[in-house]
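Given below, in the form of structure tokens, are the structures.
In the two complexes below, subunit A is the common chain; its partner is subunit B in one and subunit C in the other.
Entry: the complex of A and B
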């Protein structure tokens, strides 16, 4: 490929990633004073993150990390068996149809999907109605507006994504590898643990990384399903913008979020092989 | 010469342009008024200004098109303005408390013709010179108002309880309380319940309010924006909304009569939105006409019953029917106004301190 062929991609990245990110970085070192942004270098916003007396921002980051890790792990645990069954147990002629069914929820709006979960989980919702009807509970249980509801909403969404990346990886593993292992006396469990699982890890890593990045920066799902009983970092960021338009502090918090994503990328980097998915 | 995808039907550039012009001309005849309006007006508004039923009568009367962008919080509006060119926007709808400190102080708004506004029929308490005037000049006109008080499910909550402010921290309703996530009215409601009038709110009494908020957090089922707390009331996740009011339930009470609201005996907070014209607008005359339409009887009726949220029109001559007035509790307004306090406007420092307390409350 000729060297200039990279220019459009570089321009795109510079215009729509590096430039806005640089602007946000610059803004994070300014201060909001008496309703105005003061353009002088200051570390006050970063200091506020660490030194706030009630630790609300650090706690927001920790909450985000906890939720995101839980979502990523649970999504992998649900998506892997699904992808495995699709790749190896479902006849080839049905695979495409089932893949479409797997991604079907992608076609609905993100907001509508979250509100739908709230309706399912609420006191007057279908889940409580079913459990009450079956005599499993006497009184409705408040399942919505909790961290659990946020995690459930995320897992529902990201299971689809992970299923696709893992499935795409599994179908690329040569059947001869698995057959050779079986011929050499490996049990089904050994074939899975020594052949299939290691070779499918790039698909898991790509899906997990995307899940991590998208979940940790998401504002809508925790806002709708979490009931704001605790703050995640994106919510803390929005709180600074909402009324006070404190973009410098919001930018600093966003840069910290970006740093977390970068660290996650570095951790995943060894396993990220995009050409395999 | 341009060539069409079909090799046997060459089309010259001239023929193509001619056909395009003819198509455009034909289309223009068939297009609705909005698409061929002589003039355009760009309005930065709240969601209750987005209904076609509100905008169309003005567009037809003035042969113009109104382009609207709705926003939720003042910070978002300021961000949009920072990213716009002077003159991009003509009309703004904004929380009345933000008119002077956030907009007039930065020279963003134009003076409005005071004597052309329907002050005779606007509730006198809403004129609020301290919110809408600077240096004796009018910069925004009140257009809609309501209350941050207590919204509730009258089948689940004792009506005697909702008249007492301590319902906000009554343990009998543990897990049944939703709190509207807007720190200024919510904290002012809590302050009122503790006997602190909004105008007496200072940094010194913030610790007391903080402690009460932390107590309330233990009882809260949900804290959220309008759709979230509204949803909580509808779905049964909560039976009480602290700092809720008619804007949460009036539009729904026709479908569910159990959705109700009231002002506790200790009082409520009165919110108000105003409409103004941008100083850099190049269409000030048309923008001013739009302001006059919005605060006039027809505009007020549509605005009060907007699909986004219902609330009281500022103008008593709003062309509303009896059923609509009943849902807005029209006849009780004088009592409500008397028992409510206008939003207290914290200065930037107190505002930041209040947000800090609120952030701690959310995270507790």
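Entry: the complex of A and C
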């Protein structure tokens, strides 16, 4: 029994994960002619990705990459100081409580979270009301339905995620390393740059990888906050399923999305291993 | 508190303000005494919550979400537990490959998992249903329940299991009477994390539902008709349940640490 206990989980994964992905892979090499899927090998969908006249798909991929990279960098910049303060400036017995508090909104469902940002950013929303009240602007400005709104919504969520991974890493760094460096005459800045920062990079890398994967594959946040002025890749995929029911093309686009994630994984994996040496 | 700490304190306050801003706005305007969930705040009213509880479609979706969440989390926890147990105790030669396969779904976008299932189910005739959504939720939660439980399978439990075997217990007896009770906190944590993710999941539920929808899907369709305090009220309730679950996870894990 022990020997076979992992088989049900493996079967489940094979049946409901590997098989569907294989079906999509196969489907991505078929073609859709007059609304029907023709089962013969074709690269038409992948060709369509590059050659579509308006370049909409390539643009969607580029948009996705730009947004995702911006989100990853910004989230690290916001989260790192927060994690650092939590780990080193807050008394140990308050740390856990403050950490739970800081990431509490992490548990809002992503539809609700994006909707809440829409409330904050809309033309008659809280932010505009506050800014007009303070006399910063005379006219309310439309902040929703922009790329900035998408990025803001993402940064909000991934700041919490990165705070967790970076904090978990920082508290594991032995205090004696920093003390030794200081004893040997390093300034506070030197201790940070040469001891703490390099040792905390694995935590940053784990969080950054999760951010990249989750952000680039998310449909909800750009759809609710970014509107349809510009498309990100998941929105382009959803359009193929929804309006056109073009599963071969949607599958090909999904394979391209997975390829991007795989490349990112390999880059991060190398980085992580190098840190360990 | 020293002057040196001032920048740090200011930073934490600003960061917490940023993190809580949307939640505060969501909750505050769910009590709006008016038809728009935006400033000015016209006064305290619970009419929108009454509207939510009177909305039959919302209540049905709520029930569907609970049902899908409970069953899919149960299946994900049981499968994850068996897999962790099997791998930790028998150490098959290709354990690394099995582990990698079980963790693989975590790197794939929910959108792609949902679409793959939609295509497969269309071919096999299962069709869009709550069952289909539940199957999808097990797929996304299995890597997590497996990882949580695998990390908790220590030598300590293995020794007690061995002792049980020496005293004449069969595999099943040892599993049910020794391993599971010892891993109780981790099992609970895995179950609640899975439930939270299922409870909040939208894309898979959206792609795989037709008539019976879950809560995030109905919230999505309500969103199309614009901002409304009723949405704030639903959102606040969903958030409240998620927080409750998160606290249960925290509690379970804390007990787990203490009993170790």
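Methods note: the second predicted complex is superposed on the first by the 254 of 277 C-alpha atoms of A that agree within 3 Å, B and C clash if a C-alpha of one lies under 4 Å from a C-alpha of the other, contacts with A are read in each partner's own complex, and residues count from 1 in each chain.
To be clear about the criterion, a contact is a pair of C-beta atoms (placed from the backbone, for glycine too) under 8 Å apart; a residue touches a chain by one contact, two chains touch by 3 or more.
Bear in mind the structure is a predicted one, so any value in this text is a computation, not a measurement.
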Overlay on subunit A: subunit C relative to subunit B, clash or fit: clash
First (subunit B), second (subunit C), both or neither: which does A:124 touch? both
So in the superposed three-chain picture, is A:219 touching just subunit B, just subunit C, both, or none of them (first/second/both/neither)? second
Who does A:16 touch here: subunit B (first), subunit C (second), both, or neither? second
In the overlaid three-chain picture, which partner chain does A:115 touch, first (subunit B) or second (subunit C), both, or neither? both
Considering only touches as defined above, state whether A:247 meets subunit B (first), subunit C (second), both or neither. both
Per the contact definition in the header, classify A:34: touching subunit B only (first), subunit C only (second), both, or neither. first
For the three-chain arrangement built by superposition, which of subunit B and subunit C touches the greater number of subunit A residues? C
State whether A:66 touches subunit B only (first), subunit C only (second), both chains, or neither. neither
Under the contact rule defined above, give the subunit A residues that sit at the interface with subunit B and also at the interface with subunit C. 115, 118-119, 122, 124-125, 224, 241, 247
Contacts from subunit A onto subunit B in the complex sit at residues 33-35, 52, 54, 56, 59-60, 115, 118-119, 122-125, 140, 142, 144-145, 223-224, 227-231, 235-236, 239-247
For the complex, give me every residue of subunit C touching subunit A. 5, 8, 11-12, 15-16, 18-23, 25-26, 29, 36-40, 79-80, 82-87, 89-90, 92, 98, 101-102, 104-105, 107-113, 115-120, 123, 135-136, 138-139, 142, 146, 171-172, 175, 196, 199-200, 202-203, 207, 216, 219-220, 223, 227, 231-232, 235, 238-239, 242-243, 245-246, 250
Contact footprint of subunit A on subunit B as seen in their complex: 72-76, 78-79, 101-102, 105, 175, 181-184, 217, 220-225, 228, 231-232, 234-237, 348-349, 351-352, 355-356, 358-360, 362-363
Quick one: in the complex, what on subunit A touches subunit C? 1-10, 12-14, 16-21, 23-24, 27, 78, 81-82, 85-86, 89, 98, 100-105, 107-113, 115-120, 122, 124-126, 129, 156, 159-160, 213, 216-220, 224, 234, 237-238, 241, 247, 250-251, 254, 257-258, 261-262, 265
